[in-house]
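Scrolling down, you'll hit the structures one after another.
Two complexes are shown next, each including chain A; its partner changes from chain B in the first to chain C in the second.
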Partner chain A sequence: MPQGGPKSQTILVVGGGIAGITAAIEAAETGYDVVLLEKSPSLGGRVTKFNRYFPKLCHPTCGLEINYQRIKKNPRVKLMTMCEVTGIAGAKGDYTVSVKRTPRFVNDKCTACGDCKDVSDTAVANAYNYGLDKVKGAYLPHEHAFPMRYVIAPEAIAAGEGDKLKAACKYGAIEPDQKEETFDLNAGAIIWTTGWKPYDAAKLDTYAYNESPDIINNVEMERLAAHDGPTGGKILRPSDNEPAKKVALIQCAGSRDNNHLAYCSRICCLGSLKHAAYVREQYEDAQVDIYYIDIRAHDKLEAFHAKIKNDPQVHFIKSKPGHIKIGEDGRPLVCGERTIDREIYEEPYDLVVLATGMQPSAVKGYKPEVGVMEDEYGFLVPKANGAADGEGIFSAGVASGPLDVSMSVQSATAAALRAIQAVRGS
Partner chain B sequence: MSDRKPGVYLCKGCGIGEAVDVGELEKLPASEFKIGTCKTHDALCSDEGVALIKADIDGGDINQAIIGACSHRVMTDKFSFNGTPVIRANLREQVAWSQPAGEEDTQMLAADQVRMAMAQASKTDAPSSSAVQELVQTVMIVGGGITGLTAALEAAKSGHKALLVERSDKLGGWANKWSKRMPHLPPYRGVEENHVGKLIAEVEAHGDITVMTDTMITKTSGAPGKFEVTMAHGGSDKIEMIGAIVVATGWRPYDASKLTHLGYGASPDIVTGVELEDMLGDGKLMRKSDGQKEAKYIAFIQCAGSRDPDHLPYCSSVCCGVSIKQSLQIKRENPDASCYVIFDELRTPGTAEEFYREAQEAGVIFMKGKVKSVGGDMSVVYEDDLLGQEVPLNGLDMIVLATGMVPNSTNPDTEAAEEEMNKYLISDINPAAGVSVAGYTGDTPDPVKRPEESIPPGGSILNLQYRQGPHIPILADGFSDSHYICFPYETRRTGIYTCGPVRRPMDMAESADDAAGAVLKAIQAIRSAGEGASVHPRTGDLSFPKIGHDICTKCRRCTVECPFGAIDEEEDGKPVINESRCRRCGTCMGACPVRTISFDNYSPSMVGDMIKAIDVPDEFEEKPRIIIFACENDAYPALDMAGINRQQWSAYVRVIPVRCLGSVTMLWVSTALESGFDGIMLMGCKSGDDYQCHFIKGSGIAKERMSKVGATLKSMALEEERVQMEEVSIADSHSVAKVINKFAATIGDMDPNPFKGF
Partner chain C sequence: MTKPAPNTSEKYDLGFANWVYENVNGGDKLGLCMQCGVCSGSCPIGEQMDHGPRKLFMMIRAGMKDEVLSSNTMWNCTSCYRCVVRCPRSVPVTYILQDLAAKSVELGYAKPNENSKFSNSFWWSAKTFGRTDERLVTAKYYFSFGVVEGVKRGLDNLKIAWGMIKTGRMHLTMPHQIKDKAGLKAILAKAAEIEERESKS
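Up next is the complex of A and B:
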């Protein structure tokens, strides 16, 4: 640290999901300047794409709304979207961070009026719905997007729509000539909250993920159940849009498996219990089969497990299915042997949901080389015993390990304190 | 404030100019409110638009900006002028985007939106804050185990003095007994050294940390920034001033004497996991009964008391990992020893899976099944799930019951306070009710016991001298947790934060993180108290409730209903608001029957004037009017999003955002009825077990109040259906328009409110 205290007291938070949002606003509300970087066009990360949280089955947007209001009212938080870190140099109290900004083609004059969308003729995969449907080339990420500002897809620019979109905007908000840019930021401490992605289900080669639209992963299931998802919240078979009333939920799809993710992803059991509730809520005559190794409903979440277990139409089958194939009628068939009674099954379903695990986003892309270390799975962990001494780079949320939402918020709050300790000087 | 100088600024952008005649709206401020300054702009949020407003403020022409444009939820940063009160009239999401353009009813709605904003401004002052004087920066940490030790260090490293209070005669807590700890660093496979000794040494050496052992807290009064804590130590009382409090009282093992069905007490060699820790020093594990024979043949029984409706309904989270750790320790001393772990579900979440794998590779035998019997002859019979038959294990050297964690949300060393105080102990939350959504109830009996039955015995930890009792509220399963997933440090006693296993069963590594999180919140509470500002969720709000003591009848409703226990009573019943405990929800304001509680910028008369400012057409015009009091946290954003999606709803509806439904006073309902409104709806968050109200019980209280409104309506000879409460969530943007239209149809079918025109 430079003599006379840190050169920069700014805390940089990398990643604007629930952990990053929390770390940023908690540090700002303690009186520190924060720069919050997010790679996508709006905040919220994974959780904003969830339909509900377990065990309360409440909506993530509810808490996000409060957090966004906190950020809007707090001038100490500087939010930068579509930005990624490409390098970090320096030491605690004086880091130089290289940032790459991808063009949004829309500046902060945007009012979110939607006039550009009305004239766009291109259609692009809807990232909010994991590509399960399409949006116009000029789009608002979703109804609860923060910042509430449109994005022009590069495809629309490539299709030559730039001038047309620009002409449609009354507010001078569209800049088709924006280019990728790089710049440096100065920060005294850095919190890495880059989150996770679902493990690539296509790698589970016996589970036929790419062979039927009716075999989906758990984050896609969240969108199928969400009111602003591709089906307007109706759980329908993607193949023919018929109600999905017989549903298989396959636990540990990739997790607890030395060939894929050796660790347990912690949230998938609870996530699937929640999915069982989604299906049962919609269809009185639904049947849900949960294939599992162990149901890991820790602490009070056991009550949620107990509640779902009591539903006679939800069946818990201890078994890791061997494979999934497509039946003659086109329905997926889940095949394997029950662990308890050794019975062989080959069961057809309307919809199969693979409870894929969480893989840290930092596995691909840049990750900090100082301050934290990477374990063999890509989680960023403290170098020694969680101590803040020495370095000024910290990790929180799923970037630091497979955590649920509450634990992510907990770790982000802790990281905010440790970052403050790093920049406050003494 | 007598010198309010409001200016009105109307935006024509984003379709507002096409939807309504802004020129007509521009006349309203002068003609109806004697407001001289009214300007319009094509895009008020543009640099020029903002400059227009700023010039008027800087020139001293106005000191309140009334902005008729988009919702207050957007462009917050642009329409922010250094503390000048800004009042927003929503002409975009809730008019231009949700009503047909160019219609008379749309114009009438827009005019009313502007009228309401002007009425609001006429009762809005910049809040005069009430900052704590002589602010105390010390953080008190209660409990000297791993969590508390970490918290003390974290506070000290953050520049605060820390006072660590421990009831026993030494620091370290349960960790003093542990020979090793579970792994928390890569490769997550080996047992790690217990670091509690190092932690204690660090705490004792730190100049900013004061440690008090053998100390009990007998009284805590005051508020964040100025808590007064009385402690009993060595037969005398000591008083300390404290800024904020972190409660890290940890846990106690579940009482094994209740586990006779698992053989506890039948043999000295049937021990609990905690008892085994004492025996696992260096060297071989010897049988407790004779101390002579080495224990080589050991069974661990998981969930001993946990996940059992007759004992602890929850999973204690750490026991699987602890049994693995103990098995590995035993196997390391004696590779020939046999360790059998009998489990129902093996729970090693996250990277702890590697620890499980390590144990499997080391030859620890895991057996899935249910224990049928445990005999004093050192036998276990269990029903093996895989074999489908009973399996006996005979001639065991030791049987270890993996007992669970009971939170120290009460102090086991003291007696429970008298019943009168205890009635506030138990919360109204049942986590098992979590699936009762939208008609799906999984129609079987509740498999989990109510939390009342799992409150740990004992007295209060802090002995709060609060009107609402001595305890930090104890939630489901006896833990002092938060009910919010997104906000685990939410507290109902501002400035007091729990962490570690008193909050949720957790291991050492997580407890240390949790301690840091709680310390941050404690520091924020001190900081906010010093500024006179609210903490979460209305962070930074400088307004606070003021009581007109000349009118107050000392009815005590505000002191009872405050969700945060912020209001105390003097002996004669006079309410005293502790500002730095207050969260500014306004539930007290809604509770007050004589309407003498108000904020500088939110009051019964302010909203009353907004209601009266709305133009209610007479009955012959056949244009009913409906008022909706919408919670600004969830219902109002849902309406905004419905507008963003261009959903339309009845133009007869006028929406007034409220801080929380708990702040809705029945005065507003009667004012609206007397003003000729045909229908009234309260729209807010879900109440009950799985409440989503950001102020804990605001919507529940509103529901309770509304249940009594029928009698009032009857006395006015009005139909009960005219006043309704609707619980919505923020994700109801797709359905909220339908809810409104259905209510509007119901009202439309009724005769007009006979009070119209009076």
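Up next is the complex of A and C:
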């Protein structure tokens, strides 16, 4: 640390999911200046893309909205969206952080009126719905986006729509000439909360993810069930938009598997229990089969497991399927051995959901090299001698391990406290 | 190879799992099995096995020595290695099955059955000619069930044989043999010697 105490008392938080938001607010409300950097155009991370939260099945906006209010009210939090860190130099108390900003082409005068969207003729994959549908070249990330500001896709600019969009905006919010920028920030401590991405289901070649639109992953299932998803909240078979009434949920799709992710992702069992509830709420006559090795509903969440287990139309089949084939009628056939009675099965379904695990986002792209280190799976964990060596970089949320929302929030609060200690020089 | 504890009167031999861990090729990896079912569910002929690898491994842990060593599971394994490729715990399923088959012969459990007879015929041809010859392997295999059964099986499969001859999959000429049969004999003798030495150590 530089002589005479830290030069900067600012805390930089990288990644604006539930963990980053929490760390930023906790530090700011304690009286510290915070810069919150987010790569995408809006905050909330993966949680915004859920239909509902386990275990109470409440809507994610309940939890997020109040946090957005706290950020809005607190002048100490400076939010920067569409920004990524490209380098860190210096030491605790005086880091220089290089940042790259991707253009949004929309400034803060935007009122989200949507006039630009009405004149755009480009269509781009909708990232909010994992590309399951399209949005216009001028779009609002989603209906609860924070900041509530439009984004112009680079595709629309490339298609020469810039001037037309600019003319359509009566608030002068559109700037088609924005370019990618790089700049430096000063911070005394850094909290890394870059979260996760679903393990790539296409790598599970025996599960035929790319061979049928009716084989999807668990984050896509969240969108299929959500009112602002591609089907308006109806759980329909993607191939023909017919109701998906016979549904297979495949646990540990790539998790606990030496050929893929060797660790238990900890939340996908609960995610699938939630998905069983989504299907059963929509269809009186639905059948849901959960294929599992063992159900891992940790601590207080066991009650949720017990509740779903009581539903006679949800079957728990103790078996990790060997493979999924496409039947002659085009329906996916789940094949394997039921381990309780050793029956070999080959069962057709309307929809198969692969419960893929959470893989740390940090496995790709820039990550800090001091303070934290990558464990064998790519999660950023404290270095054995990190804090002792006077380092001020900490990790939280799923960037630090496979956690649910409440555990992510706890770890974020803990990281905020460590960051405060670092910038105070205590 | 030390023999497993000789308490055959008991249904469950609690020392059996340890004996497998120590004596069967790949057996030391059995502790990794999490009973997920991928091996048995992936096996192309899983339905023809009395137990399938997953259950067999559980029976080993339970100490069901007699049932394990007289199972048909290892004899029906075709060594396609699908289970090995897919096992999430990297258990060398095929190797374990292969060596369990060998152990069941050594310990006198394997009754002569379709699979062991075929295996013997195959090995006889390979050892004698340095190659496998369809006609000789098949004939030796059919007649290992006795003359009457041998003729019956031969006649039953005449159509297939004729089809194979027509498409050039089977020949009527002299069996192909390797040139250096003495060399092959020396290799096999050396292998037997090494196996003998290693099973003693």
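Please note the rule applied: the second predicted complex is superposed on the first by the 420 of 426 C-alpha atoms of A that agree within 3 Å, B and C clash if a C-alpha of one lies under 4 Å from a C-alpha of the other, contacts with A are read in each partner's own complex, and residues count from 1 in each chain.
The criterion applied here is as follows: contacts are C-beta pairs under 8 Å (C-beta built on N, C-alpha and C of every residue); 3 or more make two chains touch, one makes a residue touch a chain.
A quick note: this is a predicted structure, and the numbers were derived from the prediction, not measured.
Looking at the superposition, the partner that touches the larger set of chain A residues, chain B or chain C, turns out to be B. Of the two partner chains placed by superposition, only chain C is touched by A:N259; chain B is not. By the touch criterion stated above, A:N74 is placed in contact with chain B alone, chain C being left untouched. In the superposed pair of complexes, A:T339 makes contact with chain B and with chain C alike. Contact with chain C, but none with chain B, is seen for A:T206 once the two complexes are overlaid on the shared chain.
Of the two partner chains, chain C is the only one that A:S319 touches; chain B does not reach it. With both structures placed on the common chain, the touch criterion links A:Y366 to neither chain B nor chain C.
Legend: residue contacts after superposition of the two complexes on their common chain; A:Q410 is shown touching chain B, with no touch to chain C.
Shared interface residues of chain A, touching chain B in one complex and chain C in the other, are 256, 318, 339. In the complex of the two chains, the chain B residues touching chain A come out as 13-15, 42-43, 45-46, 70, 73-77, 154, 157-159, 185-188, 195, 307, 313-317, 345-354, 357, 385-386, 388, 431-435, 437-440, 442, 444-448, 476-477, 479, 481, 484-489, 504-506, 509-510, 512-517, 519-521, 523-524, 527, 535-537, 539-540, 633-634, 637, 641, 644-645, 685-686, 690, 692, 694, 729-735.
Only residues 34-43, 46-47, 51-52, 54-55, 82, 86-90 of chain C touch chain A when the two sit together in their complex. Those residues of chain A that touch chain B in the shared complex are 18, 26, 29-31, 51, 53-67, 69-70, 72-75, 109, 111-113, 140, 143-144, 148, 170-171, 226-228, 232-233, 256, 262-266, 277, 280-281, 294-304, 306-312, 314, 318, 339-341, 373, 375-377, 379, 381-382, 385-386, 388, 401-403, 405-407, 409-411, 413-414, 416-418, 420-421, 424, 426. The touching residues of chain A, counted against chain C in their complex, run 206, 252, 256-260, 293, 318-323, 335-339, 342, 344.
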